[in-house]
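Both complexes below contain subunit A, partnered by subunit B and then by subunit C.
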Partner chain A sequence: MQESILVYRHLFYFKIAVGLVAAAAVAYALHNPLGQPNGGTWLGYTLGGIAGGLMIWLAWFGVRKRKYGVGKLPLEDWLSAHVYLGLAVLAISTLHAGFQVGVNIHTVLYVLTIIVIVSGLIGVYFYVRFPRLLSENRRGMSMEIMFGQIAELDREMRQIAMELDDATNAAVLDATQNTVIGGSLIRQLRGRDPDCPTTAARMFVERSETRGHDARRRQLITRIMRKEELVRRLRLDIQLRAWLRVWLFVHVPCSIAALVALAVHIVTVFYYW
Partner chain B sequence: MVRGIGLGEACKIAIVGSGPGGLSAASHAAKMGVEHVLLERTDHLSDTIYKYQRGKYVMATPDILPLRSDVSFTAGKREAILDKWDQQCRDLNLNVKFKADVKSIKKDNGTFSIALTSGQTFHAENVVLAIGLQGNLNKLACPGADHPTVQYQLDDPDLYEGETIVVIGAGDAAIENAVALAKQNTVIIVNRRDEFARAKQGNLALILNAIEKGDVQCYYNSSPARIEDGALALDTAEGEAIIQCHRIIARLGASAPRKFVESCGISFPNNDPSALPEVSSTYESNVPGLYVIGALGGYPLIKQAMNQGYEVVEYIMGNRIAPADQPLLQRKFQGLGNADVDAVIAEVRRIIPVFAGLNPLQLRETLLDSDVHVLAPGETVFNRNDYTNTFFTILRGEVGIQLNPNDSSIMVKLPPGAFFGEMGLISGRRRTATVVATKDCVLLETPRRTMLKLIQSVDSVRRTLDQTAIGRQVQTHLAPGVPLEALKDLVENAEIVRFKPGETIFRQGDQGDDMHLIRSGSCTVSMRVAGRDIVMSYVPSGNYIGEMALLSDAPRSATVKAAHATETIRIKGDTFKELLDNQPKLKASVEAKFRERIMQNEQMQRRPEAGNIIQFLIDQGVGEGTDVLLIDESLCVHCDNCEKACAETHGGISRLNREAGPTFATIHVPTSCRHCEHPHCMADCPPNAIHRAQDGEVYIDDSCIGCGNCERNCPYGVIQLAAAPDVKFNLFNWLLFGTGPGPGEEMKYAKAHHDGQTPSDKQKRAVKCDMCKDISGGASCVRACPTGAAIRVSPEEFMSVALLSK
Partner chain C sequence: MKCTIRHITRRARGGVSIRDVEVESETIRAGRGNDCELHLPDPRVLLHHAEFSIRNREMYASPAPGADMQLNDTLAQVTRVSPGDKLRLGPFEIVLEENRDGEHVVLTAELIQPLGDELENLLSRSKVNVGRVGLSMRSWAWIGALVAAVAMFVVPWIASLYFNPSPLLMVLNTRDQRVAAAPTTWWSTGGISSAHKFFGQSCSSCHATPFVPVQDETCVVCHSGIQHHTDPAVFTKASFEGQACQSCHKEHQGNSTVARSDQKFCVDCHADIKDYSGDTRLRNVTDFGNDHPDFRPTVLVDAALQITERSKTMSGPELPREDASLKFPHDKHLRSEVKHPERGNISLECIDCHEVDAGGAYMLPLSFDRHCHQCHSLKFDVYIPDREMIHGTPETMFKQIRDVYDAVALRGGYEEPESPALVRRRPGTPLTPEEKAVVLDWSREKAEQTIKGRFGRGLCEGCHQVFDTPLSGGSTGGGWSVEPVSPTHRWFPAAFFSHRSHGDVECGTCHNARASTEAQDVIMPNAAMCQSCHGGESAKSRVPSTCVTCHSFHREGLPLMGPKRPQIFGSAKPIEPQSVVR
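Presenting the complex of A and B:
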C-alpha cells in the first residue's frame, strides 16, 4: 500500500547521502596533505565541520519528532533523511579522522558515533521488519480479543480439571493463575518463558497415565494447547513491540553523549591548537 | 389572585409537561393571574433536565437570543437550575399537579377534557402541549412488568454493588448499562434475537468482549415470560429458564410521542418519523385551542422553549406580541436597507417559491437559521469542489453558474426566486460548479440541517427541490453539455428511488430495462465467479449504473447493492436510448465508459483480494466517508506518535484511537472520524453546532451544549464528551522555552489560563477529529507518522481499481 522509509520518494535522501559521501571521498583522494592525512588540514576541518553539523542536525530529529502540527514536510521525510544522512556521517567522520585512532577524546567521539549509528541501523532493521511480523502474528485480532479468549479457555480448563485428579487440578490451576504474559522488560524482550506454567501443565497432563476420563483429558489438552498458542502469539507481539522501543534506550543516550563528546572535541582541538 | 382549580371545573389554560416550555407558560399564566393547571407525569419538574447527568453544565444557547420568561435561566449547573425553578415555582404559586400522566385530550363543546392514566380528568378552554420529545418508555409485556424489582431506566450504574442484575434489551442503552453494571455486579443480559444487530459498532465490540470474557452472561433468543419475587422466568430456545436476581433493568427504548399527539387530533404533514406537527405562527395546531411548544414543536433548546411558553400564554390571552427573536431577525436583515422584519419575510414568501409552502413559524425559523449575504457583481458564492453543503436561494439580483470548468464565461443565469446548492446538499459531495454573483444580489444561505428538516416536514419543499434537482443532476453527471430542453422527456419519466444499506438495486441475470444515476450514497458492483460473489468495484454518487445491459441488450452482467443509504434517479431505458441516438457525442462517451468497465471487471476477476478489501472497507462504513484515516499495518511501528500529535494539536485530547478498530489483511481502520458524506452526528444537534467546512471537514463549533446526541448518533464511536484536560508539567518546555506550568504549579497555571475556572467545573463538550482544519499543512496525525503508515484517503480514490490492483 504505502512505501517504506528506505525507498521513500524514490530514494531521494539516499541519493543525497551518496552524493555527499562521494564528494568527500573524491576530495580526500585528491587532497595531498603534508605528512599523514588528519583532521588538522583544511580538508579535515571541512569534513569535520560537515560531520559535526550533520550530527547536530540528526539530534534535532528528537525535537522535531515532538513538534506536532508544524513544518512543511511530513515526519517520514525527516526519518528517511535521518537514516541516510546518519550513515553518511560515519563515512565522512572516518575520512575526517584520516583513519587514525588512539586513546583520546577524539577516538571516544568516534566510537560513540559508531555506537549511535550501529544502534540506529538495528532500529532501522526493526522498523522495516517488525511491523509485518506483528500484523501477521495478530491476524487481524486485537490483543483484547486474544486476552478474552484466554480468559474463556482458563475458565473451561478449570471446569474440566475439577473432574480430574488433584495433581492435574493443581497443574491447571497453576497454569490459569501464574502464566505471565509481559512482565519485566527483560521478560518482554525474551518473549518466552522457559518455565511457563501453561506448558508445564500440558506436559504434565500428557505425561500422566490415562486412567479413565480419557475424553476429558483430551478436551483439557486441546484447550491448554490453544491457550499455549495464544500465549505464544501474545508474547511475540509484546516482544516485537518491546524491541521496537528498546533500541532507542541505547541510541538516544549515546547520541547525547556523542554531542557532549563533540563539544569537548571541538574545544580541545581549538584550545590546543 | 390565582385560584386553584378543582376537578370538574374548566380552567383557562391546561399545560401538559413541566419542561422549560411548560414551566415558563405556567409561570406566565400565574403572573398574569390566569387560571391554569400544569400537569406533569413525574414527581418533579422538568424531567428531561432532571435526567441529565449529575453536575452537567447546562448551556444557554444561542447567546444572542434574549430570554423572555417569568422564571430565570442562565447557563450553569443542572442542580442549580432545577433548584431555582423549584423555588420560583413555589414563589409564583404555580398550580402544579405531579404524577399526572396525561393519556388523552379530547375536545367537545369548546372545552377540552384531559384524562390522566390515574383516571382523573381535567377540563380546560385551551391546552398547551409541552411534552418534549422523550416519549414513553416502552414496558415489558409479560406478567409482573410493574413488579418493584423491575426498572425501566438507570441513572447511575455505580450505585449498585454485589447484586445479580438482569438487563433486558439489545440496544445501546442496554449494552452500556450491562457493561457498566458488570464492574460491581453479576450481570445477565437477555437478547430476544441471536445477535446485537441494533447496537453501534463500539458497543457491539464492548458487549461481545464482555460476554467473551465472562463479565456478562448472555441469553440469546430469549424473552421474559413472567416476573416473580426475586426471579425472572425466561422463554429460551431450550425451554423455560428461571433466573434468580435482585433487580431487572429493562431498556426497551421509548416510543416517540407522535402517536399520542396524533390521538389528540393534531395532524402531521407526512409519515416521516422526523416530521413536525403543523402549527401556526401563534403555535396553535389544526385543533383550535390546542397549542404545541418546545422540543415537540421542533425547537430543541431550553431558551427557545421558555420564550415560547411565555408567548403562547400571551397569544391565548389575545395579545399578538412580536416573538422574542424579532431583534435577531432585525440584525440579520440589517444589510438590506429597509430592514422591516415583516416586510422582508413577506418578500421572501412572495419571491421564493421553495419557501412559499412553509407556515409562518417555519419560515421564521428558517430565516433565523439562515445567513443573508449581500454580494456585488463578480463576487464568488462558492467554488467548484468546495465541500460545503448549505442551500442558497436568490432573493434579489442574479447569479451565474459556471458549468464548464475550463471556460468561466459560459454561465447559466439564475433569476430571483431560484435556488442552487441543492446538489451538494443531496449528495453530500463536492460542489459541481462555481457560482458567482452577476448583478448586485441578496442571497439566503440555509444550513443543511434546517433544509433537511424542511424537506422532511414540508412536502412542497421536497417536491420543488426534487423536480429541479433531477434535471440538474442528470445534466451534470450523465449528459454534460446537453441542454436541459433535450433532456425533458428523460427527466419527466425519471423517478427517485431510495435503497437501504445492503439492499439490492438489481441482480446479475435480471432483465434490465432501466438504469440508475446515483444521486446520494454509493454502491458496490459484484459478480458471481465460480459460485462466489466477488466485488468488482465501488461506485460513488454522481455515477450511473445499469447502462451495460441497456447498451448490449443483454441481461444484467453484475449485481449492484447499496453500500449504505442510497438514492438513485431511475431512468427509463427507452428514453435513454433515444437520447443517445440524438446525441452522438454523448453516445461515444457512454460507450467509452462501457468498454472501460468491461476491462476493469476483467482485471478484478484476476485479483479477488482487491474485491475483498473493498468489501471489508464497505462493511466498516468507510464507503460513506469522504476522508478516512487508514493505517498500513505492514509499516506501523506502534509508536503512537499519531495520537500524540493529535492530542498536542487539539487541547490535549486525541481524537483518534490507533489501536482500536478492525484490521483486514494489512489495512487497519482506527477509530477516527470519517467525515461522512451525510454525517449522522449532525442529525439532531440542538444548537446546530456541527458543520461541514469547505474541504469536507465535519467539525463542532463552540456552541456545543454537551448533550451527547452526536456521540450517540455517530455509528463509528468517534465522538467523545470531554472537558479540556489540565495543563501538565512538561520538563522540556519549561526548561527550554519557559512555557507551561513549572513543577507542581499545575493548578495555579490552570487557574490563570482558564478564566479562573478550576478544571473540575469545566464544561464537557463534544470533541472529534476536525481534520486539522485550523492547522496549516494538514492532518497532524499523518504528518507525525515516521514511517508513512498513517494515511488519510478519500474512499473513492482508495477503492478505485487502479490503486487496489497495484
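Presenting the complex of A and C:
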C-alpha cells in the first residue's frame, strides 16, 4: 500500500510532472531574453504562473485530505500528484528565477519552497518505510497491551524486590517509578533513554547476583529484561510515529508561510513593476 | 514490652478497617522485612527501617543507617516518642497512641501515600505522541504565516514610509532615514545597477505609479538627450516603435550597467541589415574578430564645397584620399635628421606635433604657430629681418606687407642697394610731399612684387595650394589666394577610439606615417590592424570587444528617441522649498 503512492496508476503523475519539467526546461533553453534570464520575461511570467498555481493547488491538498469521499478523484490520486507535482515546483520555480538568488523576499520564498519540498520528500521516505517497521515492531500488540504488560511487570518486580536487599529494592523502585516512555519531543524522536532506570536496575541486579536469594534475583532479572524489551519496542514505536508526524511540523507551517510569501512576492513584483 | 500494632487501612469509599497485631519483644523493628514486628510492606521502606525500644518507661525510635524518619514532620535521628507523636517511615505514618508506663504501648500504622496504580502512573509520565508535547500544527502554521507576513511585508512597508517622510519621521536625519529604509530593498528583485545605486533605495524614484511598469517619462528626467538609432523618418524598420527604455535597459540585474553590450543584440539586425533597410550602405557584420567589414573612412573629397565621401576601404585596392589642400610629406618630416634653424639637425617624433586632447580620445588640431613656425619662418624680406608674415588669411597678409613697406618707405633706412636713394636715406630724415609720393609709389610696387614673388606667394605655396584670383582693383586683393585648409578631425565618426587607452602602442604600429609622401594620404589603420589585437565578444586569445566598444546605439545628431524631459525639470522655475525632500 505504502509503495503504491509512488507507483500509483503506473506513475501517471510522475509522467505528468516529468513532462511539465521537460517542457519548461526546453522552453528555458530555447528562450533568449535580453539580459540574464529572470522572472520578468514572458517565459519568466509563464513559469512563475505555473509554479504559483501549483503551489496553491498543492496546499489545497491539506484541505482535500480532510474531506473523505468528496470530489471525483480518490485521495490516492491527490497524494501521488501532490508528491510529483510538488517536486516539479522545485524545477519550475528555479527556472522561473533564472537561477538567480539574492538577499530579498523572493529568495526567501524560494528557500521556503525548497524547505517544504525537501521536508515533503523526507515525509514520503518515512511513509514508505516506517509503517512496515511499525507493524513489525508491534507484532500485533496494541500499545495499551504493552503498557499493561509493563505495569504488571513493574508490580511483580517490586514485589520480588521487597524481599531483597535495600539497594536492589531501591534500584527496582527507581526502575518502576522513573522509567519514562516517550516524553519530550527530543526524547520521542531519539527513541531511547541512555539513563533508563530499568536498564540501570538490570545492570545493578546482574552485578550483585552473589548476594544470596539467587532464585528471586533470577526471577527479578527475567522480569526486568522482559520490561526492557517492551520499553524498547514502545520507544521505537513512539519514535517512528513521532518522525512520521514531526516532518509535517516543518512541511505544513513552512508551506503556509510560503503561501503568504507567494502573495507578498506577487504583490510587490507588480506593485513595483 | 507488650505492643499492640494497629494497622489502619482506609477504603476508597470512606470505610476504615483496623487490624490489631499483638507482639511482645524487647525492641520492635519496623521495616518491609518479614522478620519485622511492625511489618510495613512497601518498596519505599527499607528492610529494617527503624527500631522502637523502651528506656525509663519512655519509648524511643531510632532509624536504621540511611533510613529517613520524621517526627512530627521534622527529620529526626534517635528520638523520644511521646503519646500523640506522629512518625513518618517512608509512606507510612506511625502514631504512638498509648504508653502505659513502658509496659504496653499501642502504635497505629497507616499507609498514607499508597504507590497507586502502576499502569496509571506509567501512562501519566509517558507522552507517547507528538501531539502531546505542546505542538499544534495549526498554531505553528499561524506562526509561520504571521512571521512571513511581518518580515516580508510589514517591516519593508514601514521602512518604505521613511522615503515618503511624514512629519513624525522627518526628525530623522538623512543617514538615519537611509538606514531605516534599508528593509525596502528586501522587495527588490535584484541589485541596482552601479549608476542608479545612489537613489536605488527609493523605489518610487522609478516606480512612480503602483502596478504600472516604469515609464520612459521617468527615465528622461535624467536621461534627456537620448537619440534614435537611425533616422526614424528614413529607416522606419529601425525606429523601435512601441519599445520602452526598459525593453532593452534591464534594471535590477546586479552591480553592472543597464546599458547593453551584448553583440547578439546588434547582430540580430546587422547580420542581414538589408532585410531592414534595402538601400542602406551599411554592410553586414556578425563579429568584430572575424566578420567585420573593413574600415571606410569619411574623407573630404572637395575641401571648397566640403563634400565628404565614404566608399573606399583602408585595404584598397584604391585607398581613400583626402582633399587636404595642403602639402605635407610626413616622410620628410620623420627622417632621422631634419634641419632646425637654431638647433641644427634634429629628429622629430609624432608627439612633437600630434597631442592628445584633454579627454584622451583624439588629437588636438594642429596650428602653424605651435607646430610649424619654429622651422618654417614667414620672413619675406632679408632687409626687414624683424618682420614676418602673419599666418592668417591672404588678405590680412597682403595688407600687412603693404603696411610694412609703406612704413619702411616713410621711415627710410631700407638697405637694398637697388632701391631708390630716398628709401635708403638715413632713417628719420624728413620728406617733402613730393618725395613722400615717390617713396610710396616705390612701396606699392615693392609690396606687389613681394606678394607675387618667392617670399610671398612662393612661401605660401610651399605648403598651401595657391590659386589665381582676378585683381578686383581694390586694395585688398593680391591676385592669388589660398585654398582653405579644413583637415578631417575624425575619419571614423561612427566609432569611438581612445588614444590614451592605446598609449603604450607605438604610433607607427597603426599609422604608417613614415611611408606617407603626401598630405592627401589617409594614414589610418584598416580593420585587420585592430583585429590583430581585438577579437569579437567571445574572443579567447584576443581582447574581447563587442559592438559598443567602438560604436554607440543612440547616435549623435538624430532626433530624440524617448519623450521630452518634463517641463518642470527643464524650466527655470525654482522648486518650492516645501517640496524638497530632506
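Structural remarks
Basically, the second predicted complex is superposed on the first by the 269 of 273 C-alpha atoms of A that agree within 3 Å, B and C clash if a C-alpha of one lies under 4 Å from a C-alpha of the other, contacts with A are read in each partner's own complex, and residues count from 1 in each chain.
Everything that follows uses one rule, which is that a residue touches a chain if its C-beta (ideal position, glycine included) is under 8 Å from a C-beta of that chain, and two chains touch if they have at least 3 such contacts.
Given the structure is predicted, the values throughout are model-derived calculations rather than measurements.
By the touch criterion stated above, A:R241 is placed in contact with subunit B and with subunit C alike.
Counting the residues of subunit A that each partner touches, subunit B and subunit C differ, and the larger count belongs to C. Contacts of A:G102 after superposition on the shared chain: subunit C is touched, whereas subunit B is not. Of the two partner chains placed by the overlay, only subunit B lies in contact with A:S142; subunit C stays clear of it. Once chain A of one complex is fitted onto chain A of the other, the partner contacts of A:V118 are absent, as it touches neither subunit B nor subunit C. In the overlay built on the shared chain, the residue A:A151 is in contact with subunit B and with subunit C. Of the two partner chains placed around the shared chain by superposition, subunit B is the only one that A:F130 touches, whereas subunit C remains out of contact.
By the document's definition of touching, of the two partners only subunit B reaches A:G71; subunit C does not. Once both structures are placed on chain A, subunit A residues 143, 147-148, 151-152, 155, 241 are touched by subunit B and, in the other complex, by subunit C.
Put simply, subunit A touches subunit B in their complex at residues 1-5, 8, 65-66, 68-72, 74-76, 78-79, 126-127, 130-132, 134-135, 138, 140, 142-145, 147-149, 151-152, 155, 241, 244. The touching residues of subunit A, when paired with subunit C in their complex, are 32, 34-36, 38-40, 100, 102-106, 108, 112, 143, 147-148, 150-152, 154-155, 158, 161-163, 165-166, 169, 172-173, 176-177, 179-185, 188, 234, 238, 241-242, 245-246, 248-249, 252-254, 256-261, 264, 267-273.
The residues of subunit B lying in touch with subunit A in their complex are 209, 212-214, 632-639, 641, 644-645, 648-649, 659-660, 662-664, 666-667, 732, 772, 775, 777, 780, 782-789, 791. Interface residues of subunit C facing subunit A in the complex, by the touch rule stated above, are 32, 34, 41-44, 46-47, 66, 115, 117-119, 121-123, 125-133, 135, 137, 140-145, 147-149, 151-153, 156, 185-191, 203, 207, 210-214, 247-248, 250, 253, 260, 262, 264-265.
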